[in-house]
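Shared between the two complexes below is chain A, which pairs with chain B and chain C, respectively.
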Partner chain A sequence: MEVEKQIGGAGEIRPPGVPDEDLSRWQRAEVASLRVPFRVKLALVWLGVITVLGIMFVLVRFDLGWMAEHARFIFLGIPFTLLISVAAIILAVILAVLGSLARLSRNPIAFGVSGFYVSFFRGTPLIVQMFLIYAGLAQIGGNLRTMGYAWGELLILDSLLAGILALGLNYGAYMTEIFRAGIQSVAHGQAEAAQAIGMTYGQMMRRVILPQAVRVIIPPTGNEFIAMLKDSALVSFLGTVVSQMELFRRAQLVGIADFRPFEALILAAGMYWALTTVFTFFQQRLERRLSRGYVRAGSFQLGGGAAGHAG
Partner chain B sequence: MPDGPVVRIKGLHKSFGPLEVLKGIDLEIEPGEVVVIFGRSGSGKSTLLRCVNWLEEPSAGVVEVDGIRLEPGQRTRSRREHIREVRMRCGMVFQEFNLFPHLTALENVMEGPVTVRGLERTTSRRLAVELLGRVGLADKADEHPIRLSGGQKQRVAIARALAMEPTIMLFDEPTSALDPELIGEVLAVMKALATEMQMTMMVVTHEMGFAREVANRMLFLHEGEVVEEGPPSRILTEPQDARTRTFLAAVL
Partner chain C sequence: MRRPRFSLVAVLAAGALLTSACAEETPGGGGGGGGQTEPDDLLAEIQSRGTLRVATDPQYPPQSSLNDETGEWEGFDIDVATEIANRMGVEIEFITPGWEQIIAGSWQDRWDVSVGSMTVTPERDEVLHFATPYYYTPAAIAVREEDAATLTDVATDFDGATIGLCGGCTYEFYLDKTLDIPGEEIEFVIDDAEVRTYNTDVPAVKDLEVGRLDAAISSLTVLRGAQEEGSPIEIVGNVFHEPLSVAVDRSAALDPTRFVEELDRIVQEMHADGTLIALSEKWFGEDLSTKS
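Moving on to the complex of A and B:
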């Protein structure tokens, strides 16, 4: 409505009775601009941005032949990027559910442990956490083994596993706060209604509170997943073995080997971008589905009409 | 059902910090009785109701519902179970409906039977359909609460409470959040509940017409004390206490 009014009001810029020639150039441009639809302007902006990027692409003189040749090698890292991200986000969601319930509980152990967890994993760099889990745990495991405890072996993790664990723990800490806020956003009356029909705490959370919190939690969780897709590149610093290399590691390796680092990285960047675009699309669909029961679809009928049937 | 009163309250006190909301309430409610509780806002009438099913923990006193006797104390596991037992026997209807927005009307009514009572889904569904029919909303079974009017929401809420097959229904200002033209349909359902099902009811309301027609007894609460009680015919026509008279003069 507002926009239409502005567009419809284009004539008001021109004082009544003043012919076109008497307007300043600026005013004439404004009048002309108001006639162009927003979509057209948007398309022009995109075209401009792409042109600039295209010029840069030409000027940087990429070895296109090399890129075409090695795109497939880098592309094969996508399954591992997805594996790392999906496994880590599942771990993060589980930790976030437990963490948020613990942050909201009055149990001193749950509250204390979750408080420390969130503080530590939000307060230190992800890359440091990765090395602590990969190398630090391995060191403890090794020492335990020399002390005669064979199970110390279990702490010596594969680089991929350590990476997934670190990502999951780190994102779980951030998402604990997201989930806590989501749970707290559910109206207090919902908890009372659940309790009033005799639900236990667990039933209330599972059946009433969490299903409603999910609606609030999904959008930021989608953001976290998209961030995770890209942070999964950090796993490569743990030196993943050849058979388990994800996107970034493959790009880095092949780029350095053939002395084409930019070509390799720009290919990887394009693939990350494509991945996030696909997931954004699915996220939006999911959000629309979850808004069911909160949006009045179709016409809304007021009044009971059925009151007379009562009893 | 055990003999004697459904609800027996003795020496009920409730304080929120330094504020004493209930100052020693004694009350017994017989099976099938409809008790209307009224009074100024802040007189403690909602708190009294919420102490019956332990949405509020009393500060002192004894509350016995359907033979289950509870006193304030630590929420140990066995005590939590007793509280849950009490809640399952009290159907509660809230001023703000508090329907579960992510579920349809039918699912709202089925939730208690399925999750809390552990009934079969088919049995629960049959029960829910029947109850929605009884509150006149059979045709709204598959709607989400957002698509219902206030009056319809409150009738679904009543059906949800009834689905627990409670021994007593607690109504906490069930029509206060409704547009005037929607109040009648909710009161009609409540009246049917009292007259046709002989449901025991505690009703906090300012609907004096409903009280006159349906209530067996009225309680006037003032600053946490029962100032006056008696049958509506007497309370509404010749109240003894000056504070009751002032209040009634204001609402009638």
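Moving on to the complex of A and C:
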């Protein structure tokens, strides 16, 4: 008994029915806490967070008039943020399908090229890739043109296209690994069965493997898209022109012009946050829908779901 | 298993459509490339195109910045560039790469000329052709208002200080003591400064305000602009004067010689007929078109 008491210590929760006088102050607090519903506690935490943010907002002394005046201008960058992200994610999906099939193939060219692709684009910073594509590729194009190859011109991309290409290539490399894992998650028997009934490689992939892999692939792809929404801000460093400015560039330039950079950035931050919140909501619904056929009736399902690095 | 197959094909098809749509835009962005008679020099090419493509870094008020009401660029450099295009009888288009891209040369003919308050230095002169300077600004050093009483002498009070400025700008070369401006006597009076570089001038001023820096060096025009917008800084004094010029890439695919001569002629004309004085007074409140 003596030994047991020492091991027990103060942190132990006693079974109900033990008289209060026996409990330490901490333990009494814990018992009291059990009576407060979780939702009430959560509301209190949120209230605390909002209070702290509110105090910070007052202390930072933002020029609220300026913010109200310029919010609309910054807001109008959202279509371009979406255009960049959607175009780049489509490019990334195409590259990921090709890349993952190549990573799983026995063809040395496909395997080698895709290996280099994934290694390089995962191994270097996105912003560096952007400048390489905007400036480096253009230099190759310019040299080709001086050598008499007029098509070198095609490598001299404007900033928006260079940005989309860099985002697509970079995310394509990460998603190649996601897609590869998705394809490998389909049970071996499926491929064997497909081969047994005489399907070619293409038929097997299109009709049997990929449709089943998609369920595994979609949720992380949604996460990638949400991350892309934020990384699209990097395109602004390539200097997009007025008619193509996305959220961050609008915020940055209008902030610089009026010496109100922080006011502009906090507006942009709020808009990015709203965007990702909306897309996270849709992603969670999509995820639930896709897993519907795989969840046992009546079984308990964890809420939340989509987290990952996009959050 | 039926639905997923369809959706995958749809995604691929949509992707193919979109990438081809993007690809079609490319040649337009590159400019030029018409099928008619090929002009053999840059000036002829610009005239046959009918558009002068000007590079500007719009993070530099009051020379070049965004006017969010009109959705267009505005400032002294923008007005000067527009006037140059008018006098050439062509339309104007602004391209907005980062400052580092502009000063590095090798523009790959994405734009024809920089009208961006660029100081002529021997290093830049190796990659860029410069026309006659169109105005002159002092580079000045600023401190926080509360330090203005103690930091008063440029020559003695800033040795070892933490000073912010835009990277790749002449101010950085000034503190490195490597700055060389043809035709200018420069005295390097600040020793052992701890240099902090930013991608443009305004962030340096902002960091000065919050106290991360002891001082910031920038163009007098930028510092005055910041003061007008309520920035609590004091300008201590000037450190050197810089002539600012219009620049053209030496590595342009077409011969730029006649284009540079034309720019020279137009800038001199704008000096002579008072256009530059008027624009300078409009944007800076004083005449900076000549060395003061």
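The working rule: the second predicted complex is superposed on the first by the 266 of 311 C-alpha atoms of A that agree within 3 Å, B and C clash if a C-alpha of one lies under 4 Å from a C-alpha of the other, contacts with A are read in each partner's own complex, and residues count from 1 in each chain.
By definition in this document, contacts are C-beta pairs under 8 Å (C-beta built on N, C-alpha and C of every residue); 3 or more make two chains touch, one makes a residue touch a chain.
Here the structure is a predicted model, which means the values were calculated and not measured.
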Where does A:Q203 make contact in the superposed view: on chain B (first), on chain C (second), on both, or on neither? first
If you stack the two complexes on chain A, which partner ends up touching A:Q27: first (chain B), second (chain C), both, or neither? neither
One more residue to check, A:T280. First (chain B), second (chain C), both or neither? neither
After lining up the shared chain so the two structures overlap, which partner does A:P211 touch, if you call chain B first and chain C second: first, second, both or neither? both
Larger residue footprint on chain A, choosing between chain B and chain C, goes to C
Using the touch definition from the top, say if A:Q184 reaches chain B (first), chain C (second), both or neither. neither
Let me test your reading of the model: by the given contact rule, A:I94 touches which partner, first (chain B), second (chain C), both or neither? second
Would you please give the residues of chain A that touch chain B in one complex and also touch chain C in the other complex? 207-208, 211-212, 215
Can you list the chain C residues touching chain A in their complex? 1, 4-5, 7-8, 11-12, 14-16, 18-19, 22, 25-27, 29-30, 33, 57-59, 61, 65-68, 71-73, 94-98, 101, 106, 108-110, 200, 202-203, 205-206, 225-226, 229-231, 251, 253
Okay, in this complex, where on chain A does chain C touch? 70, 73, 87, 90-91, 93-94, 97, 135, 138-139, 141-142, 145-146, 150, 153-154, 156-159, 161, 164, 206-208, 210-212, 214-215, 237-242, 250, 252-254, 256-262
Can you list the residues on chain A that touch chain B in the complex? 187, 189-190, 192-200, 203, 207-208, 211-212, 215, 292-297, 300-304, 306-311
Residues of chain B that touch chain A when the two form their complex: 53, 55, 84-85, 87-88, 90, 92, 94, 96, 98-104, 111-112, 115-116, 134-137, 139-140, 144-147, 149, 151-152, 155, 160-161, 164, 181-182, 184-185, 188-189, 191-193, 195-196
